[in-house]
Structures are given as structure tokens and as C-alpha cells.
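Provided herewith is a single structure, encoded as C-alpha cells, for subsequent inquiry.
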Amino acid sequence: MTQKYSPSELLICLASRVMEDGTTAFIGTGIPMLAASLAQAMHAPNLVPIFEFGGTGAILEKLPLAVGDMRTYNKALAASGICDVMETAQRGFVEFGFLGGAQIDKYGNLNSTVIGDHAHPKVRLPGSGGANDVGSSCWRTIAIMIHDKRRFMEKIDFVTTPGYLTGPGAREEAGLPENTGPYRVVTNLCVMGYDDVSKQMKLLSLNPGVTIEQVIENTGFKLLLADKITENTPPTDEELRILRKEVDPDGLYR
Amino acid sequence: MTQKYSPSELLICLASRVMEDGTTAFIGTGIPMLAASLAQAMHAPNLVPIFEFGGTGAILEKLPLAVGDMRTYNKALAASGICDVMETAQRGFVEFGFLGGAQIDKYGNLNSTVIGDHAHPKVRLPGSGGANDVGSSCWRTIAIMIHDKRRFMEKIDFVTTPGYLTGPGAREEAGLPENTGPYRVVTNLCVMGYDDVSKQMKLLSLNPGVTIEQVIENTGFKLLLADKITENTPPTDEELRILRKEVDPDGLYR
Amino acid sequence: MVKNKSIPIFEEGEFPLIQPIDLDGFRAHNRKKTKALIDKRMTEKEAIEKFVKDGDYIGFELYGTVRCPMSLTRELVRSGKKDFRIVGQGVHELDLMFAANQVKEIDFTYISLEVYGISDNMRRRVESGDVTKIVEWSNAAITWRFKAASMGVPFIATRNMLGTDTLKKSSAKVIECPFTHQKIALLPALIVDTGFIHVNRADIHGNCQIDGISGFAFEMSRACKNLIISTEEIVDTKEIRKHPDRTIIPYYLVDAVIHAPYGSWPGEMSGMYERDEPHYKMFVDMQKTKESMDEYMQEWVYGLPDHKALLDKVGKKRLQDLTL
Amino acid sequence: MVKNKSIPIFEEGEFPLIQPIDLDGFRAHNRKKTKALIDKRMTEKEAIEKFVKDGDYIGFELYGTVRCPMSLTRELVRSGKKDFRIVGQGVHELDLMFAANQVKEIDFTYISLEVYGISDNMRRRVESGDVTKIVEWSNAAITWRFKAASMGVPFIATRNMLGTDTLKKSSAKVIECPFTHQKIALLPALIVDTGFIHVNRADIHGNCQIDGISGFAFEMSRACKNLIISTEEIVDTKEIRKHPDRTIIPYYLVDAVIHAPYGSWPGEMSGMYERDEPHYKMFVDMQKTKESMDEYMQEWVYGLPDHKALLDKVGKKRLQDLTL
């Protein structure tokens, strides 16, 4: 029997498990930071965190509160600037990137710019920031989202960050680097991937206690289903111990 | 009555006098370096020497032997790299640049690439190096040349570095920055400038003991003559003292 | 022209440039800047009087609450100057400038309070139409635009932004690369009228050192017509000359040097002090409504004559606690 | 495509690229490089065996006799590998490689002995036709070509080279800028197969620091598929982590780390030792004829098994005299 865990702790663990050892990951503040830190402790000791304003290979003794703060280059291997890091990604050195957004479509395109019309927005959102860069340059991106119909939409209001754009071949046709694109979507309900051929979002595994119907109900487009949909292992005792004792001892993200 | 001086000492003094205070100058090794150092001591304490591989504002306690050696950033204000320096010039921060070459034409175009045909050269020369960059980006360039017919030619074998190209307006038409171009040519015989309208080389002043006829005889194109051609003051006692005691105490360039 | 040769333009961002590119004008301006080692120290007020006017295109470095020139920003707000065109990189400065309604047009990348959520000051000004023009870019794109200006060239190529509405609502152009024949985006150079950068240390001439990450200080400092530096410490030029490889901003780029200890407060400064978390959280709460934000501005900006008065108000004890 | 919109190509350098641009291939290569902190130390011989093959496009940093990877160069000569395509930046390395006739094609900027005049080794190989292709660039242009590669983009714009034969005999292209409508030159990215850089200090993983001017180490290190570093000192990674802002080449770019004290001899090393002027002058004399150059090569390159043997031959006393 496992311990109780919070919804954020589940998201952190799911995102953490996606990352592989010996690779690099563009890290934003919040869940990606905790996920990277947990992955380093669990299964990916050689995962290199890269922060967009210049920190590479930091030892994450304290949780950064911002992508440029001192903790992002604490005992780091390099502290340079945004150009160096973004160009490193453009040269193909960054494997994973994390993304979020207000809206996502079945091709993994993301909106973090406006709700409504660009000229007269209903809600002005924060804008691309590094998101478009991460979505363009990283080999594989992982979106972390809250799962509901108003966010998983057939047509999003604005494509801030490229997913597979209009489908197979569209990224390459647009001039984006080969063999890149969305890889996983981690939500409070499930983990999704993308169909190799159609490049459309596909349900892979369900969070504990969640049904396929629930996911479909909360998704505003036709979701593909993997042949075998598995259940995600809840956070293990070991994951929770590291998360609570080592990664986030002050409980900032519990 | 002035002291005796060597031909190099005369060239150094003439080049030195061209530079103005409170400006920047791209410095190559050899005569430009000594000229800049002398200018700093004589009339241009705020002349800032810039070396193409990264040294800016060095205190020239010892003569550099190469454009990248340690003396080019001795107690400097900044030691960066070639891109930073070349981009600083491209942004218009560098007033003076020194150039040399095997051949020059009446528009101040310079050849330091090949004698003969490019594919089958009679003599392969060192190539552009920073020369093309200096000739493109600096506001005013000063060529230092040995004066003879085989060097001052109607048509040079290869335009390595742009002077006024084919004449008035040609630099701007080619896309080079506005209001830039050759300013002076300092030789063992004389100092020349360029006609404001025709952009052709014009004799301004003669070295001690040299006649106009001598200059014309050693120039392979029709040289314009200034309304009033003056005589260059020979190196003064003060210039020679500084040059020999402070700038080049080891006599490397005497 | 090479016979029958041209490159197609596949797509153009729909906005004209907020700041047109004038490379030769930039060169002429840079030529006139003094190259002499003069004393450039002055107060925030003097610098802003001298180098900023209504309608200017202005830029700030760094990001969020990290190494921000806040003492200059408060003075800029107090100056009452307006109609600025700005590069919107989500720095804390902008929160204050939005509150004071000084922003007319934005080259927008990311404006938000990071983990603390969206900037309500920004939302109020954008959604009301007080900001009349918003052009979209990514973080890398805007920095590459500075980089193009810093190189003295009209554009930089990138493979980012392609295929998105971010590009459609920008001023970028997509052409066919004449070498690879792939689509490539061109980002236009961004020359800033007046830029503000806060550094760890500088001499009186403006030779600057920055510790830790350098953000986009290198590129932006070289993309500004006028550059105002605030610095935690003033050091002797001899110190600069000891480590010339540490000079990230050389003096000839700099027009004014302001000695501003704790100049990034309530934000952090690399290796020197941490963010004032209680104050910042208070700000986060107060920015939620226009009324409470006005109160904040009254108390922390308008109500104080200068940076020294601000530091007195924050108090020695609090500043010492923040110091590393 | 935007209706009726295209950009004219006004001029094209007449040479095809010596090294074609494959950005996606470069990305795929970089993806495969290890990101783990492994020990990359090896000998010059091992590094060259592993990472260099006949016909490769290779590059050296820095210039003249300053911070040159000479221990690697001597090993490269001894390896007998050949038909290299190189970027010709006038470094002392090239003198030896020309003598050994290892150079087939050159992206040429400046090859000379600076104050000591023209390189006769270069002249012999170029004028005889042993070098079969020479493409012209300026110093800035070649570095900007590295910079384009380092950014992962196909070209960089410049206003240099315009209007000259240097451009005509290059692979650059002149287009109309779609923003300013002025002519602008595009310099194609230069991706090096294997690059050699000598640094002041590095850890066993390849995190490198350079003192003083950085030349084009930043740009070239990021433009190489394989990067071989030689270093005066090996330091603990803890030292690197103390000053991460000093890391100019991060480890993930690096494939091999060679510990080579006095690795730039007979050239100089910033802050560490001066050029061996008597030896260099002897070299300058001996390179004047093929016969005496062959003697030099026999004595100082072929006749020695490795860098240690070279240092023994130079002698402790001489090395100490050069040391600052």
C-alpha cells in the first residue's frame, strides 16, 4: 500500500519518468524543475538541466523560483546567456523540453498568447517566452496540462508554439528541424503520446482511478487510443521520499 | 636642426600625425602599432587601440609582435574575441583603420591576395585577413605603402579590400556603410588623400627632399595634385625621443 | 543581378516594425559617442532627463526579478515620460510601467510573474487597449534581434517561430535559404533608443562586469543607441584592467553610470543578495486590482524622491537579511 | 508564398562550398554525443586516430603563434593522414601541414608569418597546385561562418566583403535585404568535421577556461562535429563549478581532452609562457627553402615520438625561461 500523494506530486512523478538518462532537458520553473531533480535522483543521474537564461549542469540544491535565478547556475558547469543556450538547442543538443499552455490541439500545438482575437483579446496570456523556442528546437517536448475540454480543443485560438502543426510532414515543410516534435502530454488524468503516422494525440496510460471515458469526456477533439492502455503507477514510496526530503524539503510545490 | 631618422621612423611619425584624439583605431602589428603608441604620447592621449582578436584599450608597455599576443591586451579595458571586435567596427565604433598591400589603385582599392591569376597565381600573397573588414567597416582607412609603379597601378590584379571601388557612390551602391572609405596613403615619398568629388587619389604633401616629379614617376596612374602641396615636417626631436625611449626602446622597428 | 536568380519570400509577419532599422544612422550615432575615459557617473534622475524622451523605444535587462535596474525604473515612472515603445521581456520593471500607463507599443515575448501567475498590470493595459500595438516574438527571437543589431547587420536567421501564429503576428519574414533551399525565418535587427542594464560592478567610465549568467546583457548593450548602467559597486579602473576578459560591457557603449546598491531590489542580484520574497508576494497581491496597485505605486514609487529614500524605507535590517 | 514577393540575388561567389551545409545532419550528430560526465582524457595519438580521417574538413584556433594546439598538430603530421580541407587562418599549424603536403582545399583568410613575412610553405603548395582549391574570405567572414554554424542557422549577414574580388572568389551571396532593401552579403555556415583548440585549463570532461582574449574559441568550438581539446592544465570539476561563468567551452561539445603542458610551443600561451623567439626565428629561416624545411620537420616533428619527447628536446631550462 502506497502513501497518499497530492495531484502535483503525481504530475511530477509522471513527468520525471518520461526523461531518460544521459540526455539534456530544458527546464522551466515549477513542475519541470522538480521532475528533473527527481529523475536525477531516481533513474537519470546524467540528466543535464539547462535553463534558458544561461545555467547548464547546475547542482539543484535549492529549488529555483525563476528561470534566471541564482539557483539555476548553482555550482553549474557553465553560466552563459540566453543566446548560447538557445543556439545550443537550435544545434540539436537539447533532447527534452517542457511546455505548458492554456490550449492544446490534437497535433500538440499550444496556445499561451491570447484567448479570443489577437487585436482585441478576451484574455491576454503571458506570450511565448521560451516556449516557441523549446517547441521548435528540442527533439522531444513534454506538455504538462490540466485536462479539460476548454483546454484540449479541436481548434485553438492561437498557435504560439509548434506541435505537429497541421499533421504529418508539416513541421519539415515549415522549415522546422527534422525528427522533432511533441512526445508526451502529462495531465491530471493521463499520459498521452502521438500516433507515429497521423501525428495525432493518443491516450497511452491512465492515472490511478481514472477511466478512458473520463479522459474522452474532458478532451475536445477525437482522441486516439493505444492498443493497450495501461495504468500509471502511483508515486512510489521512494519517489515520494526523495521528492519530500531532498527535492522540495520546504514543500513549496506539495 | 633635427636628428637623423630612419625611413620607418618617418613613416611612423607621418601615420601617427594622421590619427585624432578621442577616437578608436584598429591596429595591426608593425608600423600602425608604433604610430598609435606615438600618437597616444604626443597629441592623442584618448586614442583607443583595438586589436582584431579581442584586445581593447591596452596599455602598450611592450610592443606586440602579433595581433593576438598578450601585449595586445596588457592591462586592457576589455579582452574579448574577434567577433566582438569586428562587430563593434561594423556598428561604426572604429574611426581609423590601417591597411597595407602589394598593389593599390587610384580609388584606394588594395590587393593582398594574388599577383597574377587567382587560379594560377604568379605570387600567392597572405590574403585578406582582417584587411577587407577594416576597409569595409572603419570610417577612415590609412594605407601605408612603399611607393613604386608596380604597386601604384591603374588596374590591380585583385581587389582584396574595398577602397572607393569604381568611384563616387560605388561603395554605397555595393552596400558598404555610408561615408566610409580611404582617407590617407602614407608612403616613403609622400602623403596622399582623396579628392572629395572624384574619390581619386591626390598628392597632399611631400616627404623631406622628395619632389612632385619623383612621386608622379613612381605612380602608375594619373595622380591628382592638391592646390597647395606642402612639405611634411620631419620627425621632431620630441617624436624621436618618445619613439626611441618609450615606444620602441629595444629598437625592434628602427 | 545574377541571371534568373531570386529567393522567394514565403511569408511575412503582418506587423510593420515598431522600431524601423537604420543601420547607417546607428553607425553615425555610435561614431559620435565619446571614446575618451571620462567620468560618467550621475543620478538616476539626471540620466533619465538626459537620455530618455516621450515615445522612445526602450529596453531592460534581465528577466523576472533577476538583476533588474529597478532604481532606474522607479525614476522612469516618476519622470512621467510616456508613450514608450518597449521590448516586453517580462521583467518586473514593466509591471510598474504598465501601472503608470507609460507603454504604448510592445515587442512582446513573455510578460508574467512566473510561478506567481499572470501580470494583472499587463492584462489591464493590453485588454483595455491602452497598449495600441502588440507584436509577438519568442525569447530567443527577441534576443537574436538584439544580436543582429549588436553585429551591425539587418537580420539574423532562425529556424524557430516557423509555422506558427507567433510568426504571423510578428514582423519576421520567411524566405528560402539560398544555400540549403529550406525555409528559414529572418528576424529584423532591433536597435533600442535607450537601454537600462544593472550590473555587479563598473568603473566610472562604464566598463562593466557581471557575475553568473549574463542573460542578454552582451547583446542588448551593443544594440542600444544610449545605454544607462546602474551598478552595485563602483570599482577602480585598475581592477577592470586586471581582468579585461571579465569586461562584458566596455565603457564606450555606456552613456551614464549610476551607483545603485541594491539596485535590483525587490529582485535578486547574482552572488550579492536574494529576492525580497515577502515584499514581492505583497506586490503580487496588490497588483491584482488597479486600486491596490495604485496604493503600491504611491507608497513605493511616487511617494519616494529617490533610490536612497527607498533603501531607507526598506531598512538596513531587511537589506542585511537579504544579503548573501 | 507572399504574392509577387521575392528578393533578388545580385551576386554569387563563384566557388561551390568546400564544406556543404547540413544543419539537420549536424543536429543528428550533436544529439548522439554523450551528455554524461565521462573521462575524456587521451593522448594526441589516440584522439587523432579516433576522430580524424583523410579528407576531413579541419579547423584550428587561434592565430599566428598564439594559443595554438601545436602538440596535436605535430601528431596530425606524424599520422600521415591527408587530403584535408581546412580553414586557413594563418596559424602556425598550417606551416607544418603545408610542409607535409596534407592540405587539399582551403577556405583562405590569411596565411603569413605576420611581422616575419610571407609563409613559404604556403606559397610552395599553392603556387605548385598541390592545393587544388582556394576560396577567399576575410577574417571576420570566416569567424561569422563559424558563428552561423554555432547558432544552428545556414548563414549570417554582413556588410563586409561587398564590392570586392574577395567576394567574387568566395561562396558568399549578395541579396537585397528584405527589411532595409540595401545590398547585404550572406555568409554560409561552416561546420567543421574536427576542430582543435588549445586552452589554459579544462577538467577531464572537457569544461574549458581560456584566459585573456578568446579569439574565436567560442564560435569554433560550437561549429565542430568533433572537438579535440588540448590543455595546459587539468583541473578538478569542482574548480569549474566555482566559476561557471568562466566556462567558455562546455564539456558536451568536447570529444577528447589532451593534457599538453606547453602545448602551444614554440608559440605563446596567455598568462603562462611567451613565444620561443629564437626557435621561431630559426623556423622562419628554415621554412624559406623546401630542403631546410624538410630538415626542420625531420628534427622537430617526424624525429620525435610524442609531445613529451619534444619537451625533453626543448629542455627544462628553456621552458622555464619562457614561463611567465
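Chains: A, B, C and D, in written order; residue numbering restarts at 1 for each.
Following the convention adopted for this analysis, a contact is a pair of C-beta atoms (placed from the backbone, for glycine too) under 8 Å apart; a residue touches a chain by one contact, two chains touch by 3 or more.
Just so it is clear, the structure is predicted and the values come from calculations on it, not from any experiment.
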item: Chain B and chain A - chains in contact with each; value: C, D
item: Centroid spacing, where centroids are CA-atom means, of chain A and chain C in whole angstrom; value: 28
item: Distance from chain C to chain B - Cα centre to Cα centre, in angstrom; value: 39
item: Residues of chain D touching at least two other chains; value: 23, 151-153, 158-159, 182, 184, 212-214, 244-245
item: Multi-chain contact sites of chain A, meaning residues that touch two or more partners; value: 55, 73, 79-80, 83, 90, 137, 177
item: Chain-level touch network, classified as line, ring, star, complete or other; value: other
item: Pairs of chains found to touch, sorted by chain label; value: A-C, A-D, B-C, B-D, C-D
item: Residue ranges of chain B in contact with chain C within the complex; value: 21-24, 46, 48, 55-57, 59, 73, 75-80, 83, 87-93, 95, 137, 139, 177-179
item: Residue ranges of chain D touching chain B (in the complex, touch as defined); value: 62-67, 88, 90, 108-112, 114-115, 118-119, 122-123, 126-127, 129, 134, 136-141, 143-144, 147, 158-166, 169, 174, 182-185, 212-219, 268, 270-271, 274-275
item: Chain D-facing residues of chain B, complex; value: 29-30, 51-55, 65-70, 72-73, 79-83, 86, 90, 109, 113, 118, 120-133, 136-137, 158-162, 165, 170-171, 173-177
item: Complex contacts: residues of chain C adjacent to chain B; value: 23-24, 26-31, 33-37, 149-153, 207, 222, 237, 240-242, 244-245, 247, 250-252
item: Partner chain C, residues of chain D touching it in the complex; value: 1-2, 5-12, 17, 21, 23, 148, 151-159, 173, 175, 177-180, 182, 184, 186, 188-189, 210-214, 244-245
